[in-house]
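Note that chain A is present in both complexes that follow, paired respectively with chain B and with chain C.
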Partner chain A sequence: MTFVRQLRAEWTKFRSVRAWVLAVVGAAVVTAALGPLNLSTQRAPSGGAGPALVRGPAGQAVNDSFYFVHRQLAGDGTITARITDLTGITATGPDRVSSEVQGWAKAGIIIKQSLSPGSPYAAIMLTGAHGVRFQDGYTHDTAAGSAIAAPWLRLTRRADVISGEESADGVHWQVVGSVRLSGLDANVAAGLFVTSPSTVHVAVIDVPETNPAAAVATFGSVAVTGSWTPGSWSGGQFGGVGTSGSYPRGVSGGFTGTAETSLTLTGAGDIAPVVGGSVLGTGATVEGFIGGTFVGLVALVVVAVSFMTAEYRRGLISVTLAACPRPGRVLAAKAAVVAGSGFAAGSLGAAVAIIAGRHVAGAHHIYTVPVSTPTVLRVEVGTGVLSAAMAVLALAVGAVLRSGASAITLVMVATVLPYLLAVSPGLPTVAAQWLLRVTPAAGFAIRQSLPRFAQVDSTYIPPDGYFPLAPWAGLAVLCGYCVVALAAAAFLLRRRDV
Partner chain B sequence: MSQHTPSSTTVEIIDVARVSKSFGPVPALRGVSFTVGRGRVTGMVGPNGAGKSTAMRVILGLHRPDAGRALVDGRRYRDLSRPLTRVGSLLDASALHPARSARDHLRWLAHSQGIPAGHADTLLERVGLASAARRRTGGFSLGMRQRLGIAAALLGDPAALLLDEPFNGLDPEGIVWMRDLLAGLAAEGRAVLVSSHLIGELQHVAQHLIVLAGGRVLADAPVAELSAARGSGGIGLEDVYFRLTQDAARSQGSTMTGEQR
Partner chain C sequence: MRAALRAEWIKQRSIASTWWALAAMVVATVGGGAAMAALVRADTADDFARWALAGAMLGQAVAAALGAASMGDEYRSGLILITLTAIPRRDFLLAAKATVAAGTILVAGVFATAVSLLAATLTSRGAPHLTPSTALRAVLATTIYLALTALLALGAATAFRSTATATALTLALLYLPPLLAALIADPAWQLPIQHFAPMSAGLAPPIGPGAERHQPASWGGLGIVALWALAALAAGRQALRIHDV
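Coming up: the complex of A and B.
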């Protein structure tokens, strides 16, 4: 009850100083507007509209690109094949290639709902360096237990269930994985595929390097059971090459041989979620839409510090503590006020920025990396919590230092500076990642919308928008600093004479 | 010389007992004891640095005493749940946010005590600031700020009032207004403690005087008694005060040279 009274009192104090209210509104406006405004000054990549990214079943951006040799299967059935060889063609310089195969080059058997990109699928495959895998839904990846050279692979459809098996001899089979694809049509596209992402290389001082690469795989002993459309196998590049693939110069997708003897396929691309970093290419991201958050945070920090230090400038703190002789309660009420204002400004600003950003990107023919709805919500709510936490930190530091200028400087040096250092190229990746683990700047992880997957190689480094900590874990680090600063402030407020 | 003459006709509401307080090596209060009773104006007078503000701050829990205690209604100030309804105080009239209006200043104070916000306007009317209610206090004269400070002190309709140098910055008209106000508050049965470094400001309004110098209580007596104390031949209160504080300064000097009292 007494806390509620003090909360009301502090809120009245806050809203009755017009500059503070305007600054919070301003913080929301710049958070909402700066990212989209910045985007509106950009031009679409040459060649008009950028590539339209494919959306996977969960709404996220996916690559669905591979060389496909297929037929139509009606109802239940199987395909069996032995992969006798998997090599690569990797560009190592202008007009030079090596036979290096990419770790996540894939060759195997796939059953796909339809020939439209982004449709559901399940596949069993041999990879360049990660053995036999069963994959489905673009993000699910299951490794086989054993490492077999030149394995036999079998993919079976039984009603809605697709299961993948491997075998060393074509006689004894082991299930690698299976998945239920509900609502799978009776007629599906099924066959053999080969694909390979481009090279990804991160130097110590990160200048990401990427080179075109293709994979070449030979399939022997191809056999099918079930009801297949009569005729021969037809081949073609499916879904372009996506964001992470490209053929070396002079190399293109294709296949040779016959199913009766052996088939050799050459392919590039990937069947995987789109991630950020060097493999993303040019696309608008949610992070870019809410780029104005940083300017908004500066305003919120200044307001939160002033809300505290204004008490000391003319001795108002004596009046405040005469009205509420419990310093901890005063501090908590003030923290609640700046946290609430910060949350409102941050979350509303981010929500508007994302809507506006998508509009601007659409109008300027800049493609937007699709992000699932839960991720968008997490970024919106998270930006609110981030703003609230920064405001509380600033308030607490203001209470400790009692000087506006030094408190603002300290908060900026502790939060924005490590972030800027970490994301600017030039700092070794390890140092950048430690900065984003141990400083309050870890909290900015909550902004990250770009996903990270073990089965996709990319430059997962701070300058490309990748934080070393998970979004909420990073925010928890910042909140930890808030708790420590609040505790110090409460201790000092109680101990000091005013 | 220190005397303590509790009045049997009043109930003590503020009770300061043997309070000492130092700021670093500098002693501000040295074993100060006094009480403030209802229904009268108690003047606290002493030169600058005598410890008047420190004593008030100790009562309000803003300074922690090194020794002794200060109680309001038998309780520590910090244990009062809605303190402004027990003790109204005005320590520094300039302790305002300059961008906040007079009305909003009183409204946040009202909210902190669970007092209806409408009281703010009533109080502004009472202290003659109704027309300036919505103006930012940054543009207020010291006299206006003193009036606003009085309004804040009265907001909770408290039984006790602590006012530190409330006559500062008032024009003659304001001084008369303040005297009448203090007399009226005491007449309503409130305990009123008013400090000043000028005894002239207090002699016509206070019924009781506490003379403070060098952190010690030199006198604590009804005004009439003090005037009579050395009153062979009509020595005024000012002369009594002057002599008291001079004695204190002398004895302090001898203490400083190592002489024990």
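Coming up: the complex of A and C.
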């Protein structure tokens, strides 16, 4: 029998059992409905729709919050300044502060397209613990090669190109980075800025704790060239404090001094993408919308195991193998049938769940963390592949064990339980991350929609939705288990009499 | 009734897979607990007992499969016809199966949890102050929990007349509510799920807010698991009466 005919035979077997078809349809429905239903029970946060998230140029959620001392620059020009001091004001308890500076506190020079939050920018800055950086577009971060204390910084605009340089003495300059901001207006807002994210602690028992923090920076030798709007520098907190910043009690943004001598700025907030974890607070996420996947997967596992073990239960396997004497081909056809059903149920369910989830979140005034379209597509397709892989794994384990109950137990214990343990607060992060690296539960990484950035500190831990492996890498681990199980099943099918 | 009990006990002990499953349950419980105790720094005795017996989260799956198989496999092989001919009083049959399954799990469970605590004391990183009363309570409560899990699965298998379906349903009921609870931000919905879902009620897994206030396997929580098991057995009894076989 050719593979296509075998596939047709297996498909007929599958679709003619009403319970299996209903279970697959049920899996899709549960995947689609459970997350949005869950969400509809949630009450809107007190105080309205939650923080209005700023969207960056690529549509992702960003923070664009800092203390800004600025003037308007028309056409080409430069600003030069030397940062002589960068310290912090970090709350360490109620009414207690220390002068600790956050690692990603930023002080430097910025050129912004406009004074609306989320607009394109480029900046050169000194950070609390990561040296001089050139950043643009909220996500791009370039480190300077050298480590200079109290560096001179210079930001130059030439047509569409903004470049940042650093210097140890104000004479010899090194380019740190440059970027072309196409469509940049002739008039831009330019000046000095200071900002600092709040603290992020990962305590022993993984209870994230965040404390307000501000940064204080002193700028000397401020000099400009080019055509600047006459008048003095004006200062103000730009864009609130965002999701990851807050001023310690009694501290507010501001600046003292003059550009001729020196300027001291105090600021809090961040210029960076929004990430998940403790800094996010309560918001709806794409992985929350597709929470029903777990229930759907259980149904798919049962169907896939039964599809195999039913052959043994009534002795049908003898007939099947008589009709197609190549066990590998039978197994491949069966795997294709359950993989196809699983993919359809998973991807359709996820697609509907995400649309419905957004709708429900909007109706309940719960803000949704914006994610890019490729990420949404990856989650939708990925949930389909995840469901297909789980079904194939279940089928193969069913063929190896030939007993429905043992196969279901083994697959559930190997997939759902490690994930459950890993997302329990209390398990040490290292252990949780290893569970999500080496067990088939690694495949759930495909659900992660929240980004991770080296230049933003957060609690990137499994309970907050962060997996140790990249989405497709995690799924590859699960597929690896599938391949091993399929190989074992094919080997045993060939060796056993029936 | 005594004859039914004897018959069921002979059936149970003469199946090789029973002993394999019991061994798997002990290994899973002890291994899981020892691994957890090695990873987690526990500062209080309650905390230590909870992590040392975390292997029960794994062991309960085997207990459920065993409970489901004791009834479901009768339907699979057609043995149920002979069994019902020998023991025509169906309530007796169900009672005998429940007694044998629960008894087997109780004996194996006491052994598994006691060895778990011992092994965890050896692998623990912290300095556990385990008082005899905490240890005794933890061992007893976890063992009873495992037995109730088996009864829940047995009831489901009788109701659905299939080992596979019953195992899947029981495991879903055990493992999924904590996962779904973690997705809900609203504590008004989260807390009832944690109170009434069998695993978080009976085993107090460290999930969600207030988990740290849970004692390992509290008696009140076990009552809730017992209600689940009773409901499943009642459904099974009803199914046994309705269907001819």
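Here are some notes:
Just so it is clear, the second predicted complex is superposed on the first by the 497 of 498 C-alpha atoms of A that agree within 3 Å, B and C clash if a C-alpha of one lies under 4 Å from a C-alpha of the other, contacts with A are read in each partner's own complex, and residues count from 1 in each chain.
The rule is simple: contacts are C-beta pairs under 8 Å (C-beta built on N, C-alpha and C of every residue); 3 or more make two chains touch, one makes a residue touch a chain.
This one's a predicted model, so the numbers in the text were calculated from it and none came from an experiment.
On the shared subunit chain A, the superposed partners chain B and chain C are arranged side by side without overlap. Once the two complexes are laid over each other on the shared chain, residue contacts for A:Ala272 go to neither chain B nor chain C.
With both structures placed on the common chain, the touch criterion links A:Arg326 to chain B but leaves chain C unconnected. Once the two complexes are overlaid on the shared chain, A:Asp497 sits against chain B while remaining clear of chain C. In the superposition on chain A, A:Gln6 makes contact with chain B only, not with chain C. In the superposition on chain A, contact is made by A:Gly315 with chain B only, not with chain C. Rounded to the nearest 10, the superposed model shows the Cα centres of chain B and chain C diverging by 50 degrees about the centre of chain A. For chain A, the partner with contacts to more residues, out of chain B and chain C, is C.
Of the two partner chains, chain C is the only one touched by A:Leu427; chain B is not.
Of the two partner chains placed by the overlay, neither chain B nor chain C lies in contact with A:Ala489. By the document's definition of touching, of the two partners only chain B reaches A:Ser16; chain C does not.
With chain A fitted onto itself, chain B and chain C come no nearer than 12 Å, counting C-alpha atoms only.
Only residues 23, 57, 60-64, 77-78, 80-81, 83-84, 89, 91-92, 94-101, 104-105, 107-109, 111-114, 152 of chain B touch chain A when the two sit together in their complex. Considering their complex, residues 36, 39-41, 54, 57-58, 61-62, 64-65, 68-69, 72, 76, 162-168, 171-172, 175-176, 178-180, 182-186, 188-189, 205-208, 211-212 of chain C touch chain A. Contact residues on chain A toward chain C in their complex (touch as defined above): 34-35, 38, 41-43, 204-205, 282, 288, 291, 294-295, 298, 301-302, 305-306, 309, 313, 403-409, 412-413, 416-417, 419-421, 423-428, 430-431, 463. For chain A in complex with chain B, the residues that touch the partner chain are 2, 5-6, 8-13, 16-19, 310, 314-316, 318-319, 321-326, 497-498.
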